[in-house]
Amino acid sequence: MRRAPTTLAALALCLALAAPALAADKPLTFGMLLVGPYNDKGYSQAQYEGGKYVEEHVPGAKMLYLDKLNPADRPGVTVPQVVDDLAAKGATLIFAGSDDMKDGIREAAEQHPELTFVHISGDDVLTGKAPKNLGNVFSKMEYAKMMAGFSAAMTTQTGKIGFLGPLINDETRRLADAAYLGARYAWEKVRGQKPEALSFKVTWIGFWFNIPGVTSDPNQVAGSFFDQGYDVVISGIDTPEALTVAAARRKAGADVHALPYDFKQACDSAPEACLGVPYFNWGPALLPIVKDVVAGTWKPSFVWLSPDFAALNDPDKSPVGFLPGQGLSAESKKALDQFTADLGSGKVDLFAGPLTYQDGTVFVPAGRTATDKELWFCPQLLKGMEGASASK
Amino acid sequence: MDVVLSHIVKRFGQLIANDDVSLTLEAGRIHGLLGENGAGKSTLMKVLCGQLSPEAGEIVVDGAAHARLTPDAAAALGIGMLPQDPLDFPPLRVWENFALGGGPVLTRREARSRLEAVCSRMGFCLRPDVPVADLTVAERQHLELARLFDRDVRLLILDEPTSGISPAQKRTLFAVLRAFVSDGRRLVALVTHKLTEARELCDAVAILRHGRLAGSFAAPFDTQDVLTAMFGAEVAATATAAPPPPPEPLGLGTPVLRAANLVIADDKAVLRDVSLEVHPGEIVGLAGISGGGQEALLRGLAGIARSVAGELAIGGRDLAGRPATDFLAAGVHYLPAARMEEGLFPGLSLLDHVRLAFPDKRREARAIFAERCVGRFRLTNTPNARADALSGGNQQRLLLSLIPDDTRLLLADNPTRGLDAASIAQIWDHFRERAAAGAAVVFFSEDLDELLAQAGRVLVFFNRDMAADLPAASLDPGLVGDLMTGRSTAAANGGGSAP
Amino acid sequence: MTRRAAPLVRAAWALAAAFAVTLGILLAAGAPPFATLAVMAEGGLGSQAAALRTLAAFTPLLLCGAALCVTFAANLWNIGVEGQITMGAIFAQGCLRAADPAGGLPAGLDLALGLAASALGGLVWALLAGMLRTHGRVHEIFSGLGLNFVAMGVSLWLILGPWKRPGMASMSGTETLDQALWLPALGGRPMSMVGPILAVAAFVGAAWLLRRTFFGLTLAAVRQNALAATRLGLRPGLRILAAMGICGALAGLAGGILVAGLYHRLIPSISGNYGYTAILAVLLASGSLLALPAACLFFAVLTVGSVQLPLSLSLDSSLAGVLQGVLVLTLFAARRLRPLSRRREP
């Protein structure tokens, strides 16, 4: 992660050198496959805006996007088909935005060796399944989730923090774990409280958003957290129920807070109830990839970008951000800034051992830090957290 | 108030329901409008009360001519109609229905005081807080009349008001109507197909036949003249002939039907504790006011309503609680009162009906249709016609022709309702043939005269209970009427024994 | 106007009205109306690849449409087709992932078994709704809707739980099936022709069943009048179950074809709203068996062609969904509001 600035510098150099060649080249057209609506105020909109950012910053670049690319919204339409269309329209670089495009984008990459493919959130390079023209990119949302957990633990009066989880997979377990680590740090190291006095509970609703009849109702789950004395709820789902419920409880006189997810402006709907929001900022994450492809220097790799801790909410710099909300006290905010700085400097490394999974097996032994691969494939919640590690 | 209908023409597509009908209704009199079903009586009355617009002619009320009336205009003129089927809201209470009865909605206090006033004036007994669903047909009629009287109706139109009420209730109604016109300013128009009622009540009758005015008579009128005007000379002769005597049972051997302490749970009513034997060759009539339990018995014997307790054996097979298909296998068939709604498939061809009724012989459906439906049952339509194109008489002929010949127990709910005289005669002939061939027929008719004329034995129902079992010898309209309205009990009259 | 020509005139009028409303909506949405329609048609039929995609969407639509005709024939509102597709897909996946392509049975037999299993899965799911109707007095609309959610829940649970791919469970679905267990692809790579052939066969079979057999007649009788059918001993309950079963089997087969012929694995929401769209298609064809394939094709073109809206014209692709709904509604309304309706049946 500390390599990032150097890479950028190198990139800039390459770009400067390649600039004359670029001008002669025909402008780049890239495709963007979004799983949800391009204007969902969440996961997909963040990617769409990232694409727009690239269009602005790479002269002549043009984005073709297709949103709602999922079997429910577009029955019978598969990723390879759309890639055929995009290729026919001149796209030479394709971004696929979601985990559920994993097989489709790999198949398309095999069928179109002349194009470049980047699967956001995928891990085919890590697992060795990727063809030569397919790379992965993702941002380390874990750090922003740590900050979310940190803010929650700084604020809670009862020592009880709820985590409103979506469906259970490696990514969501990882993020819940990160939030827990941030909360535990704040609780023990900053507030100096007893470890056993902190309760961190994860409840999974079953999907990224509420599907009546299929998932648990997130309103109900958030409400029952507050009923049981949990006074901060961290949301891991795509929709803002946790914050909405918290705002309603505040109106009724309860001193509760929540942290939404995904979208930078998510706090705006209920500012006093909001402690902050972890969000994606794809512009600075995608731009170097596009520039590499234009320059012909792109190599397939598994890129997992860390935030720019010094410029966390700078749209031109950090691929992941955490925007503190009005609900966070000035004191806590100060502690958070210190925490962010410590994470950036490496003074605090919450993925350092010893860390243990829920069932007692060792995650990271004492004396070293988890590798990306160990982090990425996350089989369980951590010891000390309540909640299911797998769906039954 | 005087009303003149002048040269009224009303068409429905090809059909001319009223063809140049002129009629004068004078104040202080009760006018009868007679005719067969489909003769155009109801249409004419709907024109009069503004529900239908005539194509030609005019309606003159107290000298003012109107090309057509709307329901509101008719109401403003003081014309009100008691329809054949009550237009009320069964879940609501009596006073609520009264309060909603056209015009401005009344407040609770207003409605209750005015209802009480009307009731005491007309001698009705209506408890304001009872839901209308719990009222008898006669009481619902009273409620409807109370609404009309309260609105100061001067021309009261009644469409077949006596179906579904007992002779005693009929007498009460007629007395009310007499009192209504007694001041010499108001008048009544009574639509009926029953000559006896017209004779009893009306000061003058007009007869409609095929949409045209076929005659008008002032009381006292000659029965034969009126019948000739209604049916034409030929049919009138047969209609006045006395029906052949009901058949005697073929013997007291094994009964076709044996029920002991049977309890039948129908959709709305539970019929309690029926014990009964019916022998081959019997024609058994069921008497009762609507909802008295006789319909439930028919549906229970047909296997459509469930027998929940007791014994039921038909043709020696124990059928209590068995599915409807077992009843069919035992030779039980049921003719529903609502022929189209319960008996036929409106969108299917007549040929398809034959195929469905005789699935084993469906390849010969055309031959069966020609021989049986058209030949034996005189169905007058083509095999590819849809059932919803059939007239009432043809509907019943089709239904009868679909009942196999080896039927042991034939159940019929109002088999002649709404049919013309020729069709009615054919149906009774057919039932007698069936009985003579060894089947038993059990039927219910709302028309007590018909019931007593055709049945060899009558079971009377009151309040979802079998009140009496009367042999042909002891049949008397007054007694049956009292039994079916609960005014008298079987024990007091010494009835209740099987023949 | 002769009697024979009247339905044609009526259809033409309805289509013209629908077309006019469509153009109006496109104008209101700020889209160039004719260009938009051309782009959608081109995207659905313009090339061999596009036509193959349309065929891929057409296959489950026609299967579900045929299935729905059977239940509509018995006056059942089988909203549960979605769940029946999903269950079919689950059964097919369960059968195929257990199959060993290397040894044991030949792959063709494995595939046949997989498709048979899919039909069985749909049948079981439909019978459940049917029995709730006949024995539990629960209307099939409610049970169908409920079972749709349950089926979706089961598929999600399998994908993220017991059937998750090695390593990381993914919303991308279960592990891809061995290539030997894919329905053989002829010509175009995304789609197997086995699906369309089965769909057409199922459609012809359903049409024959409804039009030419005694069973079809009894279903019509149950639809027309269940009371009268009871009276004739036609056992409406049994017929309802049979109709539901046939419908479920065909819908399940659609799910099996989606697994074995298109996606080659179980994915979340594999039913892809085909069930609901097929209901629209059957309504559009207004119960006419002859018009059903055309209606299914129309919806397939619309679904596939709408992909081009954001790609070619930067239009919000929801527009296609709006058009789809408005077209169906307009066609219904136009039938009622047609001019020249001087003749009224008495």
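Note that the chains take the letters A, B and C in the order they are written out, and that residue 1 is the start of every chain.
Operating definition for what follows: a contact is a pair of C-beta atoms (placed from the backbone, for glycine too) under 8 Å apart; a residue touches a chain by one contact, two chains touch by 3 or more.
Everything quoted here is computed from the prediction, not taken from an experiment.
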>> Measuring from CA centroids, which chain ends up nearest the centre of the complete protein set?
In response: C
>> Counting C-beta pairs in contact, which two chains come out on top?
In response: A-C
> Taking mean CA positions as centres, which chain lies farthest from subunit C?
Replying inline: B
> For subunit B and subunit C, what's the span in angstrom between their mean Cα positions?
Replying inline: 48
> Per the centroid of Cα atoms for each chain, what is the distance between subunit A and subunit B, given in Å?
Replying inline: 76
>> For subunit A versus subunit C, what separation do you get between their C-alpha means, in angstrom?
In response: 37
> What residues on subunit B touch subunit C, complex-wise?
Replying inline: 12-15, 302, 304, 324-325, 328-329, 334, 336, 341-348, 352, 355-357, 359, 362, 402
>> Quick check on the complex: what are the subunit A residues that touch subunit C?
In response: 37-38, 64-68, 70-78, 80-82, 84-86, 89, 98-104, 111, 123, 127, 167-171, 206-207, 211-214, 376-377, 390-392
>> Please output the residues of subunit C touching subunit A within their complex, sorted ascending.
In response: 49, 53, 56-57, 60, 145-146, 148-150, 152-153, 156-157, 160-161, 167-173, 176, 189-190, 262-263, 265, 267-274, 277, 300, 303-304, 306-308, 310-312, 317-318
>> Show me the residue ranges of subunit C that touch subunit B in the complex, using the header's touch definition.
In response: 214, 217-218, 220-221, 224-225, 227-235, 344-346
